[in-house]
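The next part holds the structures, each set out as structure tokens.
Two complexes come next, and they have one chain in common, subunit A, joined by subunit B in the first and subunit C in the second.
Then we have the complex of A and B:
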């Protein structure tokens, strides 16, 4: 290790490398920590620093990365490497231009970004996305701490809009390879298309109906108990295992005509198609709870976000079952869990006031359900978080204006 | 036994188990060969000098007194000869200081009129003894007497809070101050103060965790319904006047003002012991008990030192030579550095702290489990295992300065309920106007806890303080509360 130390010390003195001081300094600080001491009171300070803070976020993302690797294979690692290299290059360039230290933020952006991509994303698109996100999501605002939008989300939205075909058409089924593994449907898309062509939760299945969709076990029970229901030749789709179990073994429903649209258990362990890091919900939960336990991220936003989605979906799907998917499905499907745990909680781009955090979470929840149900897009998590990012300064200002009365000096 | 109440406050942080915390042991530092005594001690104004170079003085003889300004007399602390009087820097201002070379004897001259049977003394006699002994210069606003020893008068005093709360990372132990017969002296001291301030309510606050101590104090004071004993959480900054007033009394000190302005006197254990010594033993304040804290000392006792003793004499041979140390006065969070070993102990010094001046690098510091690294967040082993592990006392910054990421730690710990990073953003951009008042910058009690916990290593406390100073320069002083304040007529401003 002595050799490394003396090499670093030598590098500092090479005049040609003077511009790259941020890079050398970053390597030095990561390897050896700091030799700086406090200048004045407080003379003794807490041991936490941004490196540890940020590296814990990465630790919390590791279960999701591991799951992604397990589900989709080596391609995941390639995508992450490309993201880190391209994102890191932007960070280094800006650190050199601005003559400041390299900030650790890109280590998180560079990992979150690939995790919200479909596993089939071409590598060049990954690079374009992360470069765009870091430049326009962060550096244009003046760097870490001043950005309004979450840089990973900015990059993701950019490529969604710029390359819609790549980003919405090719999804890979976990554990599968070859051309038949590519599907165009995630559970959210499947729900949307099935809901359009089916009769939803009918209390009576009229004769001549082709296709029905039951969003919960209660609806199956109600329809099958009604003597007027006519199930002959009817294709029955069920959401969730409970509804499916009821339908599959029911004597009035024709053998083989009941099928499961989505299994919540499969969603939880990641057996449904989706973005690389978003599919294995168990891994996301584990990481998210770790962060909350370590107080690196705050519980207020994820809890209020997911609760709102659940409640809004529960009420909404009761009145508008064709548009609004049932609550359990909404919470587990798509990028909600990942978004709520790792992106909405980004302290820089979300409100710092307590009340503001609730407002942020609730608004995100409402927007997510609205976008999922009533817009042309199937997923609304990213849009809602980015929209609310834009409102963050306003929310904080409003909360503060309300909390602190003006004083006459 | 007086009933014990336990109380807490919002925010704060409990520093547990730092290495080389002071021991429950009392030692005497002996008489130094030379003392330098500042003519401004603690909060009070500078007093007029009554001696010239060359004169012989006795320990306990008054060498500085000013009956026109808010102050208490200053005494020679050793027997010997005045060798020089010069202006020295004292807490940011130039103050005259008297240097006395000692003849080595340890006797002292007693005050006139003291009595071992203190209950036979009148309130007036007690006041005189307390003033002449210098014990009246205690705390942040003094003990009022018929002399100008405090910004308020005796009649203004509504409540007296006496505390032995330990909440600092390094600081004296109340147990060490109350060993042996000190406990009964303390109880008598409280009763003496009551005789002088018969209308005031008395409150004695200790750490709730120190159960036997609190029970002992409670026993010693039992049978007096005018005094209440309460247990407080040992979370920093539980021992700040503002926090004590709100936890003990449920009142609040108006922002930017002193507890005395609402008629509350806050004293600590040593102040009460000084009162006892003055009235019962006739002993002026010539000594101070100082805790030697931190890994720099081979031993960590509390030592009794003469006022004006140079640091080098206090430390003596009790210093470890294996590392570089930084010496701090009173607090690792808010204290000043001792820059030279010739700097002296004054009446307000209660701890000398020696922490490791750690400019050493550490391999992969940010991923180490950290069993000996203190942290507010449970991201270190030490925080997860709580109080069982000893934490290092050292000055390393443990990271690089970074922009604020709004993590909110500073807000969580702020005992004043402020949003420190929000105030910091204004001060940093030099926006010095009513907005700062609106966000209650004057509520800050300068505890520096926000700067302690910040992962971005931002010196929030210092920025906020400079924000306050700039506001005052702009003429935007702290607004007066909508009720009458006591003692504002005699205030320095």
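Then we have the complex of A and C:
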């Protein structure tokens, strides 16, 4: 250990390496830690520095990473490594040219970014996205703590719009590999592309049609007991006891029909296709609640965000069941949980005032359901968060203006 | 079409003009005042409100001029000159009225009111209204919505730029450079509205 220490101390004094001081400093900080406290934004109202703050977020992300690895295999690790290497290169180049320290913020961006990608994303697309996100989402604004938009989401947005076929057409079924594991539909896509009815009506269900039906266990029971009803090729999202669904599922499989019963429980543990980190909702909940419990992230944004989605979807699906999916499905499908827990709560790009946090969360919720239901895009979480990122400084200034109005004499 | 369905259509067009077809973030019209007057929220708000007012009124006036003067005479090609003259005259007129009756507001708006004459978003809204064949009521909704959309965009930008005042932005990008990058990122996010009531 002493040898490394003295080597690092020597490196600091070599004049030829003066340009690379940020790199040496980062190596020093990683190997030995520092006794420095926070001297750049975001300032935190606690005696922890940004490093500990950021490392807690990484710890909270680990369950989602582990779940992604478990569900989708080694490719997850490759994508994360590409993301760290390509994004890290941008960070190092900017640090050297602009002579600032290498910020720890990148460790989070580099890990969150791969988690919001489909598991089938080609590695070069991962590199393009993370380079764009780090460069235009963060470094252009002066680095960590100064960015207006969430860098990971900026990168994701860019590659979604630049390579729509790659980013929306190929999804991998969890626990499977090979060509047959590739599917074109996430639960949200299925909902958008097929006709829906709000309850299972045995006479309506036609064999071979792809329908998304929302119901509870009782209705499924009734439907499966009806000998006339066919579940072949019908996708059913239902909320109910898992054991019963399993039984119903097996019965149809035994009869040689490709039926698929998907319960909300399946969504919760991540058995449905989706982006790498967003499918296993239990892992996300564990990490997100850890962050909220440790007061690293604030509960106001995720709670107001998800409550708004739930209420808006409940009202909307009552009046427009063919357009707006039911509330439980909206909350559990897609990237809502991940976005609300890890991206909307980013202390730099979300409002710092309490009222501002509620405004941010509620607006995100409304925009998410709006975009999911009516736009050409299937998922609205990333769009809504980036749109609200743009309005964050304005929200804060408005709240401060109304709250601390100068007293009229 | 009856009145209520016209009103409904106008409301839908207004919503679409604010979000889906945001005149600034989707068509990139009115960029010059957007980059130059977005340093402070207060002045950006003043300009934005003036744009909303002028855009709504000139869209209405231009609709009447196009429908009852240019179209009967088969002079549709003349609309560019006609529209810009009407916009300039209207802005001048409004300026004089405000100066006469509310000098305080006149000074608050200052240079922004005459500047609006050359704001291409105003002319753009009038031209879009002709191309898309809107009726009068829908035109009112469209003009108002476009103005509100522009106001929202410039307010967000002004908020961001106030916050960036002390950021370490690369020297070459300070000012219009970073403004255009932010506008690009905002436009990227607004693509999410594609298809909503559009």
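Here, the second predicted complex is superposed on the first by the 326 of 409 C-alpha atoms of A that agree within 3 Å, B and C clash if a C-alpha of one lies under 4 Å from a C-alpha of the other, contacts with A are read in each partner's own complex, and residues count from 1 in each chain.
Please note the rule applied: contacts are C-beta pairs under 8 Å (C-beta built on N, C-alpha and C of every residue); 3 or more make two chains touch, one makes a residue touch a chain.
Nothing here was measured: the structure is a model prediction, and the numbers come from that model.
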| item | value |
| --- | --- |
| First, second, both or neither for A:121, with subunit B first and subunit C second | neither |
| Subunit B versus subunit C as contact partner of A:143, first or second or both or neither | both |
| Which of subunit B and subunit C A:383 touches, first, second, both or neither | second |
| Contacts of A:391 with subunit B and subunit C, given as first, second, both or neither | second |
| Which partner reaches more residues of subunit A (counting touched residues only), subunit B or subunit C | B |
| First (subunit B), second (subunit C), both or neither touched by A:330 | neither |
| Contacts of A:56 with subunit B and subunit C, given as first, second, both or neither | first |
| First (subunit B), second (subunit C), both or neither touched by A:109 | neither |
| Residues of subunit A that lie at the interface with subunit B and also at the interface with subunit C | 143, 146 |
| For the subunit A and subunit B complex, residues of the former touching the latter | 1, 29-53, 55-56, 101, 103-104, 143-146, 293-296, 298, 347-348, 352-353, 400, 404-409 |
| Residues of subunit C defined as touching subunit A within the complex | 41, 155-156, 158-160, 162-164, 167-170, 173, 178, 181-182, 184-186, 188-197 |
| Subunit A residues within the subunit C interface of the complex | 98, 100, 136-137, 140-143, 146, 148-149, 154, 157-158, 161, 367, 370-371, 374-377, 380, 382-384, 386-387, 389-397 |
| List of subunit B residues in touch with subunit A within their complex | 169, 326, 328, 331-337, 355, 357-367, 370, 373-380, 393-400, 402-408, 411, 419, 421-422, 434, 437-440, 448, 451-457, 459, 461-462, 476, 479 |
